[in-house]
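In the two complexes that follow, subunit A is the common piece, with subunit B as its partner first and subunit C second.
For the complex of A and B:
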């Protein structure tokens, strides 16, 4: 039982972490609460479905094509919808909700409400402590820390990363240092959406593709980000695993727990916020000082 | 005869019913230091925010090197060659001091093609040395004292390799010794630095300051503002006997 809980919480946690890193990055840098973040993940999953099951591409090629197309879609959406509204945070929030709904309804229109499946990126399985674990599951577990490490190296060791970190602290001053803050926000949006598409390729083969699949991950991703502290990528990562673990505990230890997993995990988030309103690693932005 | 680097014509900015800056016009040469003084609320900070592009004028025209700059984005103005320091210092507090300066070195104006992080780091170190805080390069900006933060502001401003620097109260909150040091740095910078475009001649400067004694030693001309309007524009030595200036600081009937 204990290994079941560990494996399950690692998979849940890694899924939320992969999504939360992108969500947190774009909020931290551009103050955009992109409710459509997991809708991009859903659109990417359909794109992979299209590439593999209809066009017959292999899963890796489908993943690459999907990441490129989703990033393009993300950049177009940023340019025509998010950027003109950016100074009004509530408007961005509502606009991205509308965007997510329109993505969902477009997929319903083209693919119907039928559950679809995606091929595994890696097939086969192995036994760990008496539990059969698919390689695809191990891939998810490995990818979250790898992606976090890659994002960390990108932020700490590259010019663009430094520009992103500076902008995330004070947009106005970054402008006065000659940095094109809008360009940096756009770049961050591209990275964030690419991560959502990558998550789709890695995670969704273990579940099903359907037009409503973005909703539960969105709630959990936002909860992870709030729990970890808005704007802190590290906090979101840890928050994701805490929620993943809480979900797995509820599913395995409480009778009918599968129906309660969301509400218990979110209650934990509320409880932590009562004790630490800024979340575990909350960040104060310069303009809020 | 040096050319006009900056030209303001009838610049006006209001906030609601309040005219923060009204009908301001002046020209400055590429080797000028202009002091901008006036009582609190006179419109000094608003004026330099208008020049730097943080605010946009309601009417009037601001030209930099014969190019109209009102309406341009802040980063475009910086990349044309104007930099700005804040009255209340706003470093990137969670970044090391050197990274604060590296961000300015990465502005399109200052960065050369193919420069990698190491090269940018070395350039940033040069600017920190100039400002006198290179020994603290790796510490977080949040650990700096008031005086060192002012130095960091100057290092960041010159790292964009400007031709015009707008300094908003560079001596504000500094001790007499720190003020003296900062004044020396500013004079040295104006004479001509060792960096990039600053190599041959230093940048022109507009300095907003309340410490008049120090400012009068440095400025070629002083512009006095009150209630958003120009009271007078004169040489520093003419200032002490100017009745209008004394009135705007001490009130009517003070003489």
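For the complex of A and C:
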């Protein structure tokens, strides 16, 4: 039972963490609240589905193709829709909501509302302490820290990462120092969307693909990001695991828990915000008061 | 006496209403809403207009909170749902008639407004939007977890009608819509409304000028929740069923979209948007696959090219402001209708 809860909370937590890193990155750097983040995740899952089940590619090739296509889509969307609206925070929120809905409807149109499944990247399973764990599940659990480490290295060790960190600290000054602020925002968007697509490839084989699959992860991702403090990648990573653990605990221990899992996770978020209005590791920006 | 009032009414209509296209539109809109049942008795049409009225109250209440006060609410369905469930429970279990359960539902929604409003006082911007988004989801989980009381997935059905006859229902809903919108419009164009504008623009400056912003923010939450609650109660009694759909995230997003489409911080714009978009959506019912897709593309288009919203944009096209006395004038006039200054 305890082991069940641990595995389940690690899987939930890793899923939300993978999504939350991208969401948090693009908010921290470009100040874009991309509600459509998990919609990109949904589009990527459908793209993988198209590649593997219809075109017959193997899962790894499908993943690569999907990441490239999704990043292209993300960049086009950024260029056409998000960039002109970036100065108005509320407008970006609403535009990305509309975007997510249009993705959902497009997928509904092409693939219908049926549940589809994706092939595992790694097959097989093993038994740990009497519980059968698929390798895919272990892959998810391992991937979240790996991706975090990769993002960390990218941000700390590369020139691009330096530019991204500078922009996230002060957009205007970074612009004055001759950095291409728009280009950096685009780059961040590309990284974030690529992470969403990658998450699709890793996580979705365990669940199902359908056009409404973005809503629950979106709510949980946003809760994790808000809990950890918007703009802080580390914070959202920790927030994701807290929420994943809470969700698993509620599902296993409380009768009717499956209905309450979202409620409990969000209640934790609201409670933390009451104590710390900027989240656990929130970054406040002086000029934004 | 009657002659005097008729004459005054005539001169008001002639000198104040018929000089500006926007005022004419509002005037004809009110006349059309009141006269509609006389012209047509089609139940389908009446149903669409009744639902549009209910959603118009709801969207205007969102605009009061998010447009004017700048407290971006992404969970406005919470107020709608709380009131709808309160009205339904009172009516179903305690047999309260609709004229009692709708106002009590609205009061329950005011309490909900306080519950959201007080914690949210410290939050701003995106944090606020995401926190408000979480409240209806929390309540939705609770509704699903206690199906004995709330009916779970199926909701509470078999509520009383608002009124026995269809025309009566129509008039009750339409008149409460007109009254609510007029109240909100009046409120927001008074000194109170200016304070709300100021809270959105710069809260710290306002606090520095010695104004208790906390009080006004809570008032905005309560007022907004009250009107959203009226809409929720009317909806419950009109549909005669209250289900989880009144709390869904989709409804919260829908109201934001209507509000932005019609123009933020203008009560009339958001109410008008519902009367434009809702019938159009009904009209596209024969083409259901493309409905939401077209809808979201319209929204993105509006945001990109008319950031103030459709109706304020239209208004700017047909009216211009006099540079001297700041009164609005119809755009083809050469001189101002009040002070005869030349218009640029």
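We take it that the second predicted complex is superposed on the first by the 287 of 289 C-alpha atoms of A that agree within 3 Å, B and C clash if a C-alpha of one lies under 4 Å from a C-alpha of the other, contacts with A are read in each partner's own complex, and residues count from 1 in each chain.
Simple rule for what comes next: a residue touches a chain if its C-beta (ideal position, glycine included) is under 8 Å from a C-beta of that chain, and two chains touch if they have at least 3 such contacts.
Being a predicted model, the structure only gives us computed values, none of them experimental.
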item: First, second, both or neither for A:219, with subunit B first and subunit C second; value: second
item: Contacts of A:266 with subunit B and subunit C, given as first, second, both or neither; value: second
item: First, second, both or neither for A:157, with subunit B first and subunit C second; value: first
item: Contacts of A:142 with subunit B and subunit C, given as first, second, both or neither; value: neither
item: Residue contacts with subunit A in the superposition, subunit B compared against subunit C; value: C
item: Touching both subunit B and subunit C, residues of subunit A; value: none
item: Contact footprint of subunit C on subunit A as seen in their complex; value: 27, 33, 81, 84-85, 88-91, 93-95, 97-99, 101-102, 104-106, 108-109, 215, 219, 222-223, 226, 230, 256, 259-264, 266-267, 269-270, 273-274, 277-279, 288-289
item: Sites on subunit B touched by subunit A in the complex; value: 52, 54, 73-75, 78-79, 83-84, 86, 90-95, 99-100, 102-104, 106-110, 116-117, 120, 156, 160
item: Residue numbers on subunit A that touch subunit B, as the complex places them; value: 157-159, 162-163, 165-166, 169-170, 172-181, 286
item: In the complex, subunit C residues that touch subunit A; value: 66, 72, 74, 119, 122-127, 129-131, 133-135, 137-142, 144-145, 204, 249, 253, 256-257, 260, 264, 289-290, 292-293, 295-297, 299-300, 303-304, 307
